[in-house]
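Note that chain A is present in both complexes that follow, paired respectively with chain B and with chain C.
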Partner chain A sequence: MALPGIASFLVTIGTLACIWGLLALGLNVHYGYTGLLNFGHVAFFAAGAYASAVLTMPPPEQVSQANYVIGLDLPMPLGFPVSLAVAALAGGLLALLIGSTSVRLGSHYLAIATFALAGIFEDVLVNETWLTNGTFGMNSVPKPMRETLGAGGWQVAYLAFSALCLLGVYLLLDRLIDAPFGRLLRGVRESEDAARMLGKDTNLVKLKSFAIGGAIAGFAGGLYAHFLGSVVTEQFVAGVTFVVWAAILLGGVASSSGAIVGAFLLIAFQQSTRFILTIYGWIQSVLPEPLSGVLPAIFAPLPDHPSFVPSVRFIVIGCLFVLVIRYRPEGLFGDPNEVTVMGEEE
Partner chain B sequence: MASALSQFLQAVAFGLVEASVISVGAVGLTLSYGVTRFINFAYGEFLAYGAFLAFFLSGAGAGVVGLPVAAVVAVLLVGALGVAVSRVFFRPISDRGALPLLITSIGVAFILRYLLIAGASAEARQLPVPLMRPVEVAGVGLTPLELGVVAVSVVTMLAIHLLLQRTMLGKTMRATSGNRSLAEVAGIDTDAVIRKTWFISAAAGGLAGILYGVLFAPFRPTFGFGYLIVVFAATLLGGIGRPYGAMLGAVLIGLMISLGSTYLSASYDQAYAFIALVGVLLLRPEGIRGGEF
Partner chain C sequence: MSVDRAETETNGDRPEDSTLLAVDGVVKQFGGLVAVDGATFGVEAGSITGLIGPNGAGKSTLFDCITGVYTPDAGTVTLDGEAIQGLSPNQVAARGVGRTFQTPKTFRGMTVRENLAFAAREQTGERALGALFRPGRVETEETAIQETVDETLEFLELDHLAEEYAGGLSGGQRKLLELGRVLMMDPEIILLDEPVAGVNPALTDELLERLHELNDRGRTILFIEHDMDIVMGHCDSVVVLHNGQTLAVGPPEIVQEDDRVVEAYLGGYD
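And now, the complex of A and B:
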């Protein structure tokens, strides 16, 4: 039983929004609570997705166009939680690795270092075909219990599972941030010197924050891999990092619920703009005769090439960065007091 | 033995050619950091706009003028774009510290890049330069085009050196970079200095983009953002805010990319720059060349 078009579309958006919500929660641990400028978030996401793919893909002999060597073919559905756990572990370990080299850098240098390291990681994914199947991608990642539930039922079930995961991570973080450790994170954000004076190893605190956020992103990667059933390098470009950034800036830094709302708004915006041309065609078809020349006359001067609509989407995201920072640095749901302590000089 | 030596020399030569492109961009970026004190992630877009404006103004696009004229016009236009961008996006929040400026620059990068793609499509383009045979000297071959790129870059570096050391603008730029409030007290119109610095910095970015377009055709509108890390690497290697350091950093990064892709693996060319960058950040975040300007 398959879902009708619109319902299927909404379920897909919902699932993607949950996954991006997880990414935003992870980045919010870095930037929102600890003040770490992480511009390489996509690398942790990718690490999780590829870890899941390598664990659960069938061995290369059974797949066409396979150039990879390792496919552990973990049985579904029992292997699914294992795969997600390993994905989180992979994201966390990569974050530890990247963090241990660069977390002690000043904030701006950290931004560049994470950006560069994510760039290297992307290069590795593209080039190390034996592990990642290169740009062709790993396209037989199993969708757990797909056969038992049928296409439509599976989509709904996966949405429910993703939403549960998001809720679980949200609650966990909520506890963590209220715990002494959460206060320590914010202490480091607000004044490293003060935290150090109290005898806290601030680099270690930052490293832990980095690993926690990275593990959440890795977990999101595993969820994403089993949702799409394929993992391709093209999905893990630097743009992903900045969409997540836009989400937490819009929702409100240092606010977990804000980060989730931001992610939902951005995914809804991104996905719904795919239908602008369809909607345009529909309006055009129902307009009465004398008006049918109006729309084409308005839009005719716009360039006509396939990249036009997608690029407008990114222009809007760019404007979001600029406008939120200028007019509402605390975002929709953030606390203005949290922002003034983040290196903003009033 | 002789061939191993000439392979090495050839790699060094290619490295120096790429270093010419990087140095123009790195010096531009570092000049603007000197007076604005934030890392501008939108700088790569100046490279892309330079190359694309030159493309559209010259034979391959509108066909109005030859490439050299188109390049000069494009460089000036990108300089003006830099001033406009700083005016619209950065100046209104310039008193809020470096973090909001840095995040804003990400947004600006997105806006500029995707405006370019919306207008010009994501297609790869090529500047109208002739195919040339390399001129061989002692087993090392470079095309006249590549030599031209090196020459343009050397002239630019000299011009920037003279600007900084011999002109009033250069002196006020150095003063503003060193201590802005002190410069203001001394009667320097720092707003004007910052505006002019934005022009020079963006124009240098545009020129670097054109040189990139001459060397690495075909190029896409996204190349500026991709190349940004290489420019960052050279800038930081030389110590950010230090033009002469940036030139030295560019040479090292260019050599690293070229030698790395010759002797290690060509599929990781830019990764060598990244690794060098991360290494510098970790070992010596103030750059290899300490001291003032």
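And now, the complex of A and C:
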């Protein structure tokens, strides 16, 4: 049985928000707790998604427009946890690789290096057709238990599973950050010189942080691949990184709950503003007769162009950010004591 | 207790004349500029040694060479007979060299308590897997660490600020906090870069008193200082650095009489 339109929409938003929440948790380990300016987060997300796709896609002979060579066709649903674990591993390993070359760099240099490396990784995904099927994408990623549960039931079950994953990662991180490990990360964030002089191997600490955040992003990638049933290069562009950045800045840096709330708000906002016109039509239809001229009069001066409303969404998101930065620079859940000094050297 | 050396060898078993830290012919160049030019001196175990010299004499660079920030272009630095030049700062620190900075580098977004606990050595909970899978051990260690933190806070009379963020402390309090953080490492030798510069007179006396108390408990201290009264009044031994070279080494009253020292640095001091 399929869900009715609005319910299906909400469930989809919820699942996406959980996945983006995971991405935000990962980036928050990098920037929030360790002060690493990672502008290539999408690469770890993509690594996870492609790892899952390669593991679970049927062999190329069974798929039309298949240019890839490897499809391991892990059976569902037992292969599903394996696929997610490998996705996390792929994200973590890529982070380790990128980190081992560039984590020594100072803050903004690291931002440039990670941004560039993520760009290169995107090019690799487009061009290494044998592995990724190029721009056609891998479009037969299995949705575990889809047949058993039916379309609607599966959507709800996947939302529940995603939420559970988000909660699990949140609790795991909570434990890590509360432990001396978290103190170590935050000390490195505050002053690398001092941390080194106190006997801590800061490069190793940063590398670990990078790998943990990367693994979380990779895990999110696996979850995303099995949710959509397809993995295409154009889903993994730099824009994803910036949405995740926006989420953690909105929710509050160095706060795991802030990162999740930020991701939920941003996804909800992004997705729901698609329906501005629908909402407009609905309000217009329920307004009593004498008021029916009001809304058209207000909005009449605006251009009547199909791309107008989608463009306004960006303006609205931009305004939202200006407001947060002006009135609550630490974000919704951030601690101003921790955040005001970030990135500043004494 | 952290403020005492864990092993009593430094003031107990060690012979009186032994050298804990030896700097021998250290050279550090930056392009054409020779910042340190063959500096040679030793720091006796259990002593308070002052390192003085005019601005640009190479004092801070020398500290950087000792603590691994720079690798000397020539010469050796030995701690307890083992060469430590060329090691990374964290390795040097792990060997037992604690160092503070001219401008304190505290962890401002962390509380005073967290600042101190950070510096404790060999914490199981600092490893991700240890933090996740060995909660019992981490907790036992953490209890011990927090006890040491409390003792150190009390010793430095910072206990009332334990839960404050370091970013809110005054300059003098930050210097005390930095000293406390170094003590948490239980170092063999403490290097202090201008520990009382910019600190108000009352807190200066307090800081010096703490240094003497630490020294009485067996810690070796080497510090850079410009204030002659402090150097002459509080050091067992003085090293004078001039143009990157050691001009004189010895007890303050003898160094004070050295004509070259008077000419190079002390000027009208008497």
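What we mean here is this: the second predicted complex is superposed on the first by the 296 of 346 C-alpha atoms of A that agree within 3 Å, B and C clash if a C-alpha of one lies under 4 Å from a C-alpha of the other, contacts with A are read in each partner's own complex, and residues count from 1 in each chain.
As a convention for this text, a residue touches a chain if its C-beta (ideal position, glycine included) is under 8 Å from a C-beta of that chain, and two chains touch if they have at least 3 such contacts.
Worth saying up front: this structure is predicted, and the values here are computed from it rather than measured.
Asker: By the touch definition at the top of the document, which applies to A:Asp193: first (chain B), second (chain C), both, or neither?
Answerer: Touch status of A:Asp193: second partner only.
Asker: Give one of first, second, both or neither to describe whether A:Trp245 is in contact with chain B, with chain C, with both, or with none.
Answerer: first
Asker: Considering only touches as defined above, state whether A:Glu289 meets chain B (first), chain C (second), both or neither.
Answerer: Neither: A:Glu289 stays clear of chain B and chain C.
Asker: A:Asn127 in the overlay: touching chain B, chain C, both, or neither? Say first, second, both or neither.
Answerer: first
Asker: Using the touch definition from the top, say if A:Leu172 reaches chain B (first), chain C (second), both or neither.
Answerer: A:Leu172 sits against chain C, while chain B stays out of touch.
Asker: With both complexes superposed on chain A, which partner does A:Thr101 reach: first (chain B), second (chain C), both or neither?
Answerer: First partner only.
Asker: I'd like to know which partner A:Ala111 touches here: chain B for first, chain C for second, both or neither.
Answerer: first
Asker: Hey, what residues of chain A end up touching chain B and chain C alike?
Answerer: In the superposed arrangement, which is not itself an observed complex, chain A uses residues 342, 346 for both chain B and chain C.
Asker: Which stretch or stretches of chain B touch chain A in the complex?
Answerer: Residues of chain B touching chain A: 38-39, 89, 92-93, 95-100, 102-104, 106-115, 117-119, 121-123, 225, 229, 232-233, 236, 265, 267-268, 270-271, 274-275, 277-278, 281-282, 285.
Asker: Where on chain A is chain C touching in the complex?
Answerer: Those residues of chain A that touch chain C are 172, 175-176, 179-184, 186-187, 189-191, 193-202, 208, 212, 254, 337-342, 346.
Asker: Would you pull the chain C residues touching chain A in the complex into a rising list?
Answerer: On the chain C side, the touching residues are 67, 88-90, 93-94, 98-99, 101, 103-110, 114-115, 117-119, 121, 123-128, 130-132, 138, 141-142, 145, 165, 167, 178, 181-182, 184-185.
Asker: Could you list, by residue number, the parts of chain A that touch chain B in their complex?
Answerer: Within the complex, chain A contacts chain B at residues 37, 101-102, 105-109, 111-113, 115-117, 119-120, 123-124, 126-127, 238, 242, 245, 249, 303, 305-308, 311-315, 317-322, 325-326, 329, 342-346.
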